[in-house]
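Two complexes follow with chain A in common, the first pairing it with chain B and the second with chain C.
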Partner chain A sequence: MRTLNSEDVRHFSKGANFLACHIDPAAVFAYEEMIVQALPTGDVRLINIDELDPNDLVVALGFVTQGLAIADMPPVGDEFVRCIQAIEQRLGRKVSALYSLAAGNINGILPLMTGLQTGLPIVDSDPMGRVLPLISQTTLTLGGVRISPIAVTGVTGEHSTLDVEDPQRAETLVRSLVIELGGWAATAMYPCTGQQLAEHGIHGTMTRMIKIGEILGAEEPVESKYVQLMRLLNATRVARARVKHMESFSRDKALGLPTQTTSLTLVAEQTGQIIRLEIGNEILLVLVDGAVAAAVPDIITLLSADLGQVVNLDDVRVGQLIDIFLTPAAPIWYTEAGLNLAGPPAFGLQLQHPRCHA
Partner chain B sequence: MRIGLRVEDGACQGVMMAGQTKVAEVSTRDAASLSDAAEQTLNALSTTMGANVGEIIVDVGRVLSSRPLSNVAVIRISPRPPADVFHTSKLPRIVEGIATRIMHVRGGHDIRAHELAKLDLATFERNVASLVQGHRNVAITALGANSTDEHEARIADAILAHDSDVRISISHDFFANAFRDRDFTTTLNSALMETGEYLAVCLEQLGHRYFPGAKVSFVKNDGGRASISHLAVRPVHALHPEPASQLVGLALLSGQADGEIIVGSEHSVRAGTTRDGLPTSTSLLRNVYEASLATNAAAIEKYTAYHPVQPLTPTTVVDLRLDRDGPLPFGLEPSFSTQDDAALIGCATAPWTAWIDRLENVASKEDLQRVQRIAEEDAKSIVVQSGGSPVLTRVMEANSYALPYGNPGIVRVRVQAADNSEPGITALPADCQQRVKA
Partner chain C sequence: MPSPSKAIRLDVAGVVAHGALSTVTMLYAASTNAVIDGVVIVSDLETIKRVPPNTVVVLSTHVGSGGWQVSAALRHAWERRASAVIIAQSTYAESVISLAERLDINLMAAEQDPSIIALALAAEIGAVKSLAEVDLAQFARAVTKETTVTTILKTISIRLGGFRLTLEHDGIVLAAAGPAADGGPTVQLELPSAANWGQLKLSASGPKTTELNALDVRTYLEVAVPSIQSVWMAGEINDSAASAPTLALTDVSDCLQVDAQLADKARPNLLAKLGWHSEHSYQAVWIAHPAHQQHSMGRTAILRLLWRKVAARRPLAEVRGGWLSLIPVDESEDPGQLPSRIGEKVSSSLAELGFSVGTSMRQSGVNNLPALAQQARVAADYGIRIAPGTVTSFGDLGMGAVTAYMDDAAISLVAGLTLPALMAAPDREQIIRDTLAFLEHQNSMTLAAKALNIHRNTLQQRINRIRDVGIILDEPEQILPLHLILTVLKRTLQGSTTEQKDPHNGTIHLT
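Here is the complex of A and B:
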């Protein structure tokens, strides 16, 4: 077990941003501040999966959003506690520990706050190993672990508990609820035993965020940080490239409505290769001279070449020199079942993942 | 002709421009007060072809930045109050101490402008007297205020019904996706309103005393200008105008209205871009991890070794250093050097500008085109109503965005319009130029 201090929390949020640079990090940093302020009132305890009793009840916490950023509608603070209570009531058992729904961005960091509020430890594991957009896209789904009961609490304090078998159906129901609840909802889902999480979760992912943050926050030359990141994450630098063009339109919606930036065209500084990033909420594809160099579920991170800091998609500018990093996802995501659930076809891209050629 | 005026407490700099030519420059120091300094400067300038002055544009950024902020009562409207102190929206240090009363009111909307919770107006009306007691400035921030001002306006009406002298700032007037950014901007704006009100009245009176026919306006953070009366209502847009004005001035001095301007000074090298002599803008002034200020301001970045070289974009490198013995960093070769107060020249030549930045609900491509067209017409109308040319006012920027994981059909429409008339009336020949000492 490890008790996190304020430095750990600050590193944690940097790591959470690194692993999900496609999402505005404002809420992550807001949570970081909140947790650091609240630390004197309690402990954030991070435990390894093997510290759990196999029969302990653990539950995943995460925000589900549809339409309004959490930063625009800050939670009042009791939402996740209510969700945990609802799960306990439904199952007639006490929750022993919490885990993050996703190892990145807001859902990576928020359980630390709930851990402080409830005194429950946080498991150093998660069911995505990164951030994926759908609540059904988890390794627990791959392992056949039930997603429900799902406890949902909205902006207004209104709440609901869903019993649903099929994770895809759960996705539909939760999203529908979230719209009417105000734009986001706090959720607790995938209640399972310590043994189920041990068998089907991805482990060490919370510690990994802290380590990433330590590297990014160190007073060291950029190249030295990169070497350490590559060692830690088995990552590679796809290219150092300059942004030449940004497109912002919707290709998915029949209406042809605009959306966030949907593709970036860059030119590699050394080789002159054309790099294209295709985005659909996620960074889905990296093409180098037309060939697929990386594809979801690979984790793509953009770093500023001069400072080695994470560049979020909202902040990309034409002319910017960017290092494109590829971090492999957990191995289970590259199995046939994993790619079916969270690979290119799951995002409407009919292509073979580059890692399947090997 | 136009006058650009930069006012400070006890000091004032003024420049008179005829078209693109500087015809007079005045600097007043060690005056007894701001109004004395401005009066002495205007008096000195009035001796130089004063009858022809049609515009006075004032930079009040330094006054707003230096004067103490007023205390503010902050009202936050949301379905539920924070459950603990840690979940309370935290204001940046600059305004933390001046928010002397913070109150929660039940209400708020979602992004579709659907009501999330009924506004608890009855309870608010019962408490309004104690809320505003001792406060002349109130900031109201509601959940979902980007999509509607309904709850903010109803609370504002209730306050004004109780006391019509209270100054009220609502967050619907400032577009930002994050609640804390709107909360901060509204609070700061409210805290500046007293000074803004004083400056608006004082500067308009002084301007008309020495130049009776002149319109008085103030320069904004985007490098454009707005009528001086708006300073009393949204002073936050006048808080940081100098970086933008400097780009406007340097674009004018270089004769390069479109392109990149790299500015080397004693302290730093920075770069920005202008279109038709007006800086490209950002809608948020970021402050590291603290809340950002929701104001349209010139997009200026620090120049680094990785700065892109864009062969097709005209680039002007300006050396503003007093000591030019050494070269500029990064091997930059200056296009020209100047000791002119470029920001003041930019202030004097600032065009009327207006922004529309709002959420729209669209169901089709035609809908999207319609709301964009309406936004463009609205922005142009504001410029023309301010005094811009109906013929030469044009759209500088028009964009629409949606958020990742956003609600289908909700788009943010953002438009800037500007008056493209030539500044001043006509350029004077060089032999007409003179300098005036106050």
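Here is the complex of A and C:
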């Protein structure tokens, strides 16, 4: 077990942003500030999966948004506590620990706050190993772990508990409910045993975010940071390129993939290669001279070439020099079942993933 | 025969200028004018990975609506060496054009439905392919009508618009047609050959200005190959038949040699039936091959094809030890004309094969035809032993020719027995050379030294060395055998040195 201090939380926040540079980080930074402010009132305890009893009840926490940015209407603060109570009430037993629905962005960091509020430890594991847009896109789904009961608390405090078997059906119901609840909702889902999470979760992902933040926050040359990141994440730099062109398309999207597609065109400094980023809910695809260099579930991060800091998509400007990093996702995402659930076709891209050699 | 300058394939520039693509907007024109063999409408990217080269890839409106898909399509099309990519007018962006420029692939936008463009282009391609098929069929008929390899090559050359055509065997040009090549494209085709025929190659070298590409030329060559083979085989059969009188002559030669007049009385019409005429003059040609060469049918066929350059109507008869032809000659013709013609037409090719040619004296009438054959054979054998690859006239042989018929191995054995010190001497080559010079200049020290380009005193010292190794120069009865033995030894030593080539630089080390 590790008790996090304010430095850890700030590093955690940076790491959460690195792994999901496609999302506006305002809410992450807001949560970071809240947690740091609240640290004197309690402990944020991070535990390894093997510190849990196999029968302990654990539950995933995460926001589901549908049109409303969390930073635009911040939560009151008791939403996730209510969700945990609802799960405990439905299952008739106490929750022993919390875990993040995703290892990145807001859903990566928010359980720290809830842990502070409830005194429950946070498991150093998650069911995505990155951020994926759909609540059904988890390794627990791949492992056959039930997603429900799902506790939902909306913007105005309205709450509900859903029982649904099929994760895809749960996706539809939850998103419909979120729209009615005001645009975002706090949720608790995938209640399972410590053993189930041990078997089907991805581990060490919270610590990884802290380590990423430590590297990014260090007073070191950019190239030194890159070397450490590549070593830590088995990452590669696809290119150092200058942004040349941005464009947006209106195309039909399936339910749950609400954002419009945007394309970013860059030109590599050294080689002149034309690099195209296809962006939906996240950076879905990287083409280098038209050839697929990376595709979801690969994690793509944009870093400023001069500072080595994360560049969020909203901040990308024409003429900016950017390093494009590719971090492989957890190996299970590159299996046939993993790619079916979270590979390019799941995002409407009819192409074969470059890591798939079938 | 259609015009040779007309290309048989569509190309992008032509179709954009005045064909099915005249209505498209050229977003990027590649630096080279691509040819078009086909068109495909693509509704998913995977399809592009399977298109053959020189295909125009038309993206359906659905595929073309995604920017990344156009980029990926361009990449796949470039990898497949497609001729062009056509997308819907409304979808292209600057980045896509930049990628087309980087990959140097034609990119076009269609205002109307791209599939309509594709259908129009398919119709145009079909029409051109039909014309091409008709053209090829006409070409095939034309070459089929030809009766010699050379005329077939001429027909191909004309159809290709001035290509140089050659039929080669191991680098030897057996037949050729067309103007000299001037640096245009060259296409080579290996001919399927029967056993022992060796590797045959049909080669076409075009003018720089040709519109035809390598694939076009190869297509024509492939169409012509069966005709070349059949004409050659037919010619071989004809030559075999036409050489029958010469073969028959060798069979009856014994009888003719005994008493030609008697033989003529016994078989009054035999020679006339075989095509020989008593009022003609004849000259025999014998082509000899090195004794170690294995016999093969292919060798005779190749030689006969070469021989047509010299005397197409008098084919070579394959006889023991070589090939023989008896050629009627005009009495007014210079006797040296036939060897000159042979030298001019085929001697370099025969030298490549290691063959030598001998020609006989000219004689009137048919009585001594076997003798003529013998003269030509002697001259050819002399060439094989003394100067491989040359044309030798029997009339030019001197008495020295007799050394060509000595048994080198036997004489070497005698030399080992009678001159052991010489055979063991490390400087035997120089001793032999000096001794021969001395003998050939009638024992004149002065003339021999001059011939050897050394001082007389030096030669005097060498003569002492000659005597040291047991060579006796003072007994007249031994001079002739000594001369013969040394002549053979010199030849043998020269033969052995020429075969010892340095494998690293091809130079020759004298031993």
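Heads up, the rule we're going with is that the second predicted complex is superposed on the first by the 348 of 358 C-alpha atoms of A that agree within 3 Å, B and C clash if a C-alpha of one lies under 4 Å from a C-alpha of the other, contacts with A are read in each partner's own complex, and residues count from 1 in each chain.
As a convention for this text, contacts are C-beta pairs under 8 Å (C-beta built on N, C-alpha and C of every residue); 3 or more make two chains touch, one makes a residue touch a chain.
Model, not experiment: these values are computed from the prediction.
With chain A as the common reference, the superposed partners chain B and chain C fit together side by side. Contacts of A:Val292 after superposition on the shared chain: chain C is touched, whereas chain B is not. In the superposed model, A:Arg242 lies in contact with chain B only, and not with chain C.
Applying the stated contact rule after C-alpha superposition, one finds that A:Gly217 touches neither chain B nor chain C. Put simply, more of the residues of chain A are touched by B, taking chain B and chain C as the two choices. In the superposed model, A:Gly143 makes contact with neither chain B nor chain C. In the superposition on chain A, A:Pro74 makes contact with chain B only, not with chain C. In the superposition on chain A, A:Pro354 makes contact with neither chain B nor chain C. Applying the stated contact rule after C-alpha superposition, one finds that A:Gly204 touches neither chain B nor chain C.
Legend: residue contacts after superposition of the two complexes on their common chain; A:Gly272 is shown touching chain C, with no touch to chain B. Minimum C-alpha separation, chain B to chain C, in the superposed model: 15 Å. Common to the chain B and chain C interfaces on chain A is no residue.
Listing the residues of chain A that touch chain B in their complex gives 22-24, 26, 29-30, 32-34, 37-38, 65-69, 71-78, 113, 133, 155-157, 179, 182-183, 242, 248, 250, 253, 255-260, 281, 305-306, 313, 319-321.
Partner chain A is touched in their complex by these residues of chain C: 44-46, 65-68, 71-76, 78, 93-95, 98-99, 102-103.
Against chain C, the residues of chain A that register as touching in their complex are 244-245, 247, 249, 251, 261, 263, 265, 267, 272-274, 276, 278, 285, 287, 289-292, 349-352. Within the complex, the chain B residues that touch chain A are 78-84, 86-87, 89-90, 108, 110-112, 116-117, 143-144, 146, 177-180, 289, 304-308, 310, 362-365, 368, 400-411.
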